[in-house]
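Once you've had a glance at the structure underneath, I'll fire off some questions.
Read from first to last, the chains carry the letters A, B, C, D and E; within each, the first residue is number 1.
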Amino acid sequence: MASATPILSATGITMEFRGFVAVKDVTLSIREGTVHALIGPNGAGKTTVFNMLTKFLTPTRGRIEFRGRDITALKPAEVARLGLVRSFQISAVFPHLTVLDNVRVALQRPSRLATQFWRSSDVLSRLDDRALELIDAVNLSPYAHLPAVELSYGRKRALEIATTLALDPTMLLLDEPMAGMGHEDIGRISDLIRRIAKGRTILMVEHNLHVVEDLCDRVTVLARGEILADGSYDEVSADPRVREAYMGTEHE
Amino acid sequence: MSDPLLEVRALNAWYGESHVLHGVDLDIHEGETVTLLGRNGAGKTTTLRAIMGILRRREGAIRLRGRDLLALPLHKVAQAGVGYVPEERGIFASLSVEENLTLPPQVAEGGMSVEEIYSLFPNLHERRHSQGTKLSGGEQQMLAIARVLRTGARLILLDEPTEGLAPVIVQRIGDVLVALKKRGMTILLVEQNFRFARKVADRFYLMEDGRMVNSFPGHELDAHMDELQDVLGV
Amino acid sequence: MSTIFGIPAPALYGQILIGLINGSFYALLSLGLAVIFGLLRVINFAHGAQYMLGAFVAYGLLNYLGIGYWPSLVLAPLIVGVTAIAIERTMLSRLYGLDPLYGLLLTFGLALIFEGAFRYWFGTSGKPYAPPQQLTGALNLGFMFLPIYRGWVVVASLAVCLGTWLLIEKTRLGAYLRAATENATLVQAFGVNVPRLLTLTYGLGAALAALAGVLAAPIYQVSPLMGSNLIIIVFAVVVVGGMGSILGAIVTGYVLGVLEGLTKVFYPEASSIVIFVVMALVLLVRPAGLFGREA
Amino acid sequence: QQVSDNVVKIGILNDQSGVYADFGGKSSVEAARMAVEDFGGKVLGAPIEIVNADHQNKPDVASSIARQWYDTEKVDAIMELTTSSVALAVQGLSKEKKKINIVTGAATTDLTGKQCSPYGFHWAYDTHALAVGTGGALVQNGGNKWFFLTADYAFGYSLEEETSKFVKAKGGQVLGSVRHPLSTNDFSSFLLQAQSSGANVIGLANAGLDTSNAIKQASEFGITQGGQRLAALLFTLAEVRGLGLKAAQGLTLTEGWYWDQSDENRAFAKRFMDRTGRMPNMIHVGTYSSVLQYLKAIQKAGTDATEPVAKALHEMPVEDVFAKKGKVLPNGRMVYDMYLFQVKKPEESKSEWDMYKQLAKVPGDDAFLKASESGCQLTQ
Amino acid sequence: MSVLCFALFACAFNLLIGYVGLLSFGHATFFGGAAYFTAHAVKVWGWDPLAGILLGACGAAALGLVVGFLAIRRQGIYFAMITLALGQMFAFICLQVPFTHGEDGIQGVPRGRLLGLLDLNEPLAMYYVTLAIFLFGFFAVWRIVNSPFGNILKAIRENERRAVSLGYRVERYKLGAFVMSAALAGLAGGTKAIVFQFATLTDVQWQMSGEVILMTLLGGIGTLIGPVVGAAFVITLQNYLATFDFPVTVLIGIIFVVCVLVFRRGIAGEAMEALRRRSL
């Protein structure tokens, strides 16, 4: 199923912050239809890579292509419109909107219902079915009418995933989707990701190695801003350098 | 048994109108490490915030060495020797890493020195002059923990300290907690990762829907696996 | 005589010097504003009124109590600072945690009250205030005639600016201040008495404004209107410098003062809007202001 | 029925809390009351009532109040009308409603020029008179080389332009001018330019706080000590007092009235002082005079109907404490003598309000535009 | 009639503060600017009053585009400061350009005949026209707020970064709202010029921006009817207090302070809250 052509490729991207090189000359290519993990110790530059790929940061050097198109110079909103959508490491919801509205905001964008200021917002109710479906998928149905602030941390993360999915993106970038989730939710979200991965490409950052092992076709390990290893989970986890820099001694 | 260091009785707490804690009871003795388990939204964070006094709408009793904390303004609670590592970390953007680290005033003798902390977390040493929030997520977590170690607080409240950390670092933090315990520090830990928690915890409390549903010593963890399964969905 | 763009060089130096003097006022005022904004997230609209109050207190001290300039330099900021503390305790402190716009609206209301009341009592034509004996007269610098009093203003405000900057950027107290801007609750949870810190900061900011007022009294007419015109310019200065940036406020104050002075020579008609034009340009290029940190 | 509604109601509409409150303000209301008392409290047997309002310098507030006064409160005439936007707006409304208004608090010559009204009168100073007084008369007093500090808006330009005209007409020279923005705090840059211009008179074509600040800073830069004279084109007694003689000494300015000019003036000033705690300036006395004259006109016309009263106002000479041999032109302009004053040195002043010495008298016919030159449609 | 003009102005302002969360401290620019455009078009060019008012609204929209372009780069307090400074700049320009006639203002604007038919010198006709314009504007605000577009505005106010990551071109939405608000403020300003028959500097000065904030705050930010109530209250108060001994500015200041401290929800907001409590 996975074709050989990369859907997203980054060539030699580098990010410097006032002299500090957070990401150095990273070349990454993600094949269409795969679930790809980006792992690495804290501060390795994973989020920074994400930020560059989604244009929240502009790389100091290097080139990024998405579906054969050079997106190095685009704005973040444009990238999202091309179907490359991200979630945030530190949770990002619309706090005073209800869960349902949060998801609807995302659904509204591709539906061309976004800029119509002359129509009643009742027209948005046609998005409700789809929204509720997504909310159910992340197990938030009981809270659909609660404002997002009132959700606990873990549920906010779940909501964020639902919102991201609502855009029906070609490719998703998930920054630590499991962080702060309880065990049952981890299972559920894993299932969800597995389900949505069909026909999509996913790049995720995750520290929960069970999840990585379970879900990902391919793993890239980043350390100190550079690629340390790249391959299947088994290959990578066997690499002694990876064990030392990232997994530690206890992980079997 | 001696009087507990921290004693929480029939604690109720509200966010605005919504009633979140329903009569929480909790005891922690000097030198103990106690872990709160519970699924998302059970009220773990809320319990810590209520003890600290960040959440002001509370009823019941919270006593530290017999002294009532409920009536104290927030800063007095910290000065009484309670350190807090918040869930959202709370690193300050306008301060450098080092300033962040040295920000909390010392409340008692016996805290770690800055050098000790740097040797514990070399990442922080390397990035000490950069802006606090420019650290990676995990580095921020280290900084948040490191910050209270300096103050000499004898009781620290830790909210999910391993969230988002690489396995190596989680291990290191586990080692740190063990070391702190040896120094006689009292720790109240909120944790999802109970593989990690079992290494350090003397006692577990199990929370559900704003109530304490059970409590048992650390070594009995295996015996309570079924119940955990039930409550946490492990 | 050498000329630059058709203006004799000495005249130009004169203008630069004068710009520096104006800049001193901008710097002092925007410094206070930046300090208050930095910590309380309140745009202190009453700042102009507090500046005016400083001048009037000095006037009052002289005319009703016979207290002269030098003691006023300390007393007036103190008095205004104390009133500001009262305002903070009774009103501003209730607004923390709400949208910062409410702070702006509250202080806007206070500014209206102060100015309205002073206009009612003192009329609009203002009151006389003479410079202290020691500082009257002028120096002949060769290229210009510099009133000694103005020289003193530059020196005094530079010293105050520098002192305040050091206090905030280089001390623990300053670190508390900066941290409390971001998350006051957390700083308090570390054991810092944040409410008191906030109160003192507001007092300090207002006192800085009042100090500028006393310094201004011998130069500008002591009038209820003196603050309201200045305050908008000072806001622009703060925006250009980067809100909440102490150093930014100071440096921008001086730079814009000089720039305005030069505009008065080359194209006087534009001198009132030059600061706003600069502001627009800066925002286009650097939305956070020259010294501001990107949010 | 001679008097509508059996009462003559006069509205004093001015700025009582804003920037121009010192020009007239509440004290003007007192001056109007004095006029009513001096007239005897009744006209044609009907009581006289003074109402007043603070227009806060907002033409829309002024216009709403005026409308309400005319429509529901049966006010017969409105007086004072500080600041030109308000005066023009209310005069426009009065014209539409066919009511009399007498302006003492605004300076624009448009009131009796392009926007004149058959029922509108301009009673005290205007920009033309100020220009003639300060510009013309000062040249004859030796101030023949001028440099202007001009507020950068229409009011400033017209003051500068007209003053220059008279300076030149009397054989003086204008060496240059610099325009400063309205509400400038610091005048030192401009003063330095004026200082080095070689002029012997620095004309201040601005108003209010701008003028005060310029004068104060001029003394600081030693401009007057250096032999240059300052001439303020629009400045009043209250403002001189606000500056203090130390800063204001030597300043020349034109006003239409000063309390220490005659026994009559001194007596009036004392009465006014007792009631308000301050000395009257030309606007207070102007308002007094306009109210008094209006009442006299009603008396003469035998009714308070607008047309006959306006006619009487146009015809009657003005003879009171404010104006001697004053006359009203067909465009509504009241013509009377203006004076050029110089501010005394602190050591010359004998009392708190002893501030001016008179330099020259400017006959009314010179001071004010002729009706035919005013551009008023009514006179063509 | 003046209440209707100011009420519309306040509604336009409320569109920004109440629904996008942007406090503009320079809205007088659009209100007063439009008044000048309308007054000039009607008086000097002899335009039909309706055309004049529309020109005012369009001119205000154009000004809104320029100001908005600069200001929307920042949020919250920064935004307020920038709009304030730009507004001040505009006021300076109005003082200096010849067509505004400086401090005299454009005076004696003829009301004329609406579309050549309706004589606006007739007070009742003028009143109904003003009412119609107000209702139109009020409806427009209501429509915008409760539209899909309004929904996105709320989301942006909540979390701008997230909205960007969902693919919204946030600046365009904000600019759009800003221009709409400016145009409606312009509609109010243009109408005012016809109603009062003059356009003066008071309408472009920052005190006017302060006044509209007061009206909105007093009536209730983010409530539809609030600004209308607030405008009516403030205008009435201003006229009523004019004949009082007490200085008006002081009283307005006091109202400001009291509102912020105790009735943050404003008159309409508090009333609705009271109703809600009773029905509970």
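Rule of thumb we're sticking to: contacts are C-beta pairs under 8 Å (C-beta built on N, C-alpha and C of every residue); 3 or more make two chains touch, one makes a residue touch a chain.
What you are looking at is a predicted structure, and each value in this text was computed from that prediction instead of being measured.
Using the contact threshold fixed earlier, the set of chains in contact with both subunit B and subunit E is A, C. The mean-CA centres of subunit B and subunit C are about 44 angstrom from one another, to the nearest whole unit. Centre-to-centre separation of subunit B and subunit D, using mean CA positions: 76 Å. Inter-chain spacing, taken between the CA centroids of subunit A and subunit C, is 47 Å. Within subunit E, residues 92, 96, 247-250 each touch two or more of the remaining chains.
Residues of subunit D in contact with two or more other chains: 17-18, 152, 181-182. In subunit C, the residues that reach two or more other chains under the touch definition are 116, 119-120, 269, 272-273.
Contacting chain pairs (ordered by label): A-B, A-E, B-C, C-D, C-E, D-E.
Per the touch definition, subunit B reaches subunit A in the complex via residues 15, 18, 39-42, 45, 87-88, 123, 127, 130, 134-139, 141-142, 160, 163-171, 192, 232-234.
Within the complex, the subunit D residues that touch subunit E are 16-18, 26, 51-61, 63-65, 68, 83-85, 88-89, 92, 108, 110, 115, 152-155, 181-182. Within the complex formed with subunit A, the subunit E residues making contact are 143-144, 146-152, 154-155, 158-159, 161-170, 173, 176, 180. Of all the residues in subunit C, the ones that touch subunit B in their complex are 172, 175-176, 178-179, 181-183, 185-195, 293.
Against subunit D, the residues of subunit E that register as touching in their complex are 2, 92, 95-96, 98, 101-105, 107-108, 192, 196-198, 200-203, 238-239, 241-245, 247-250.
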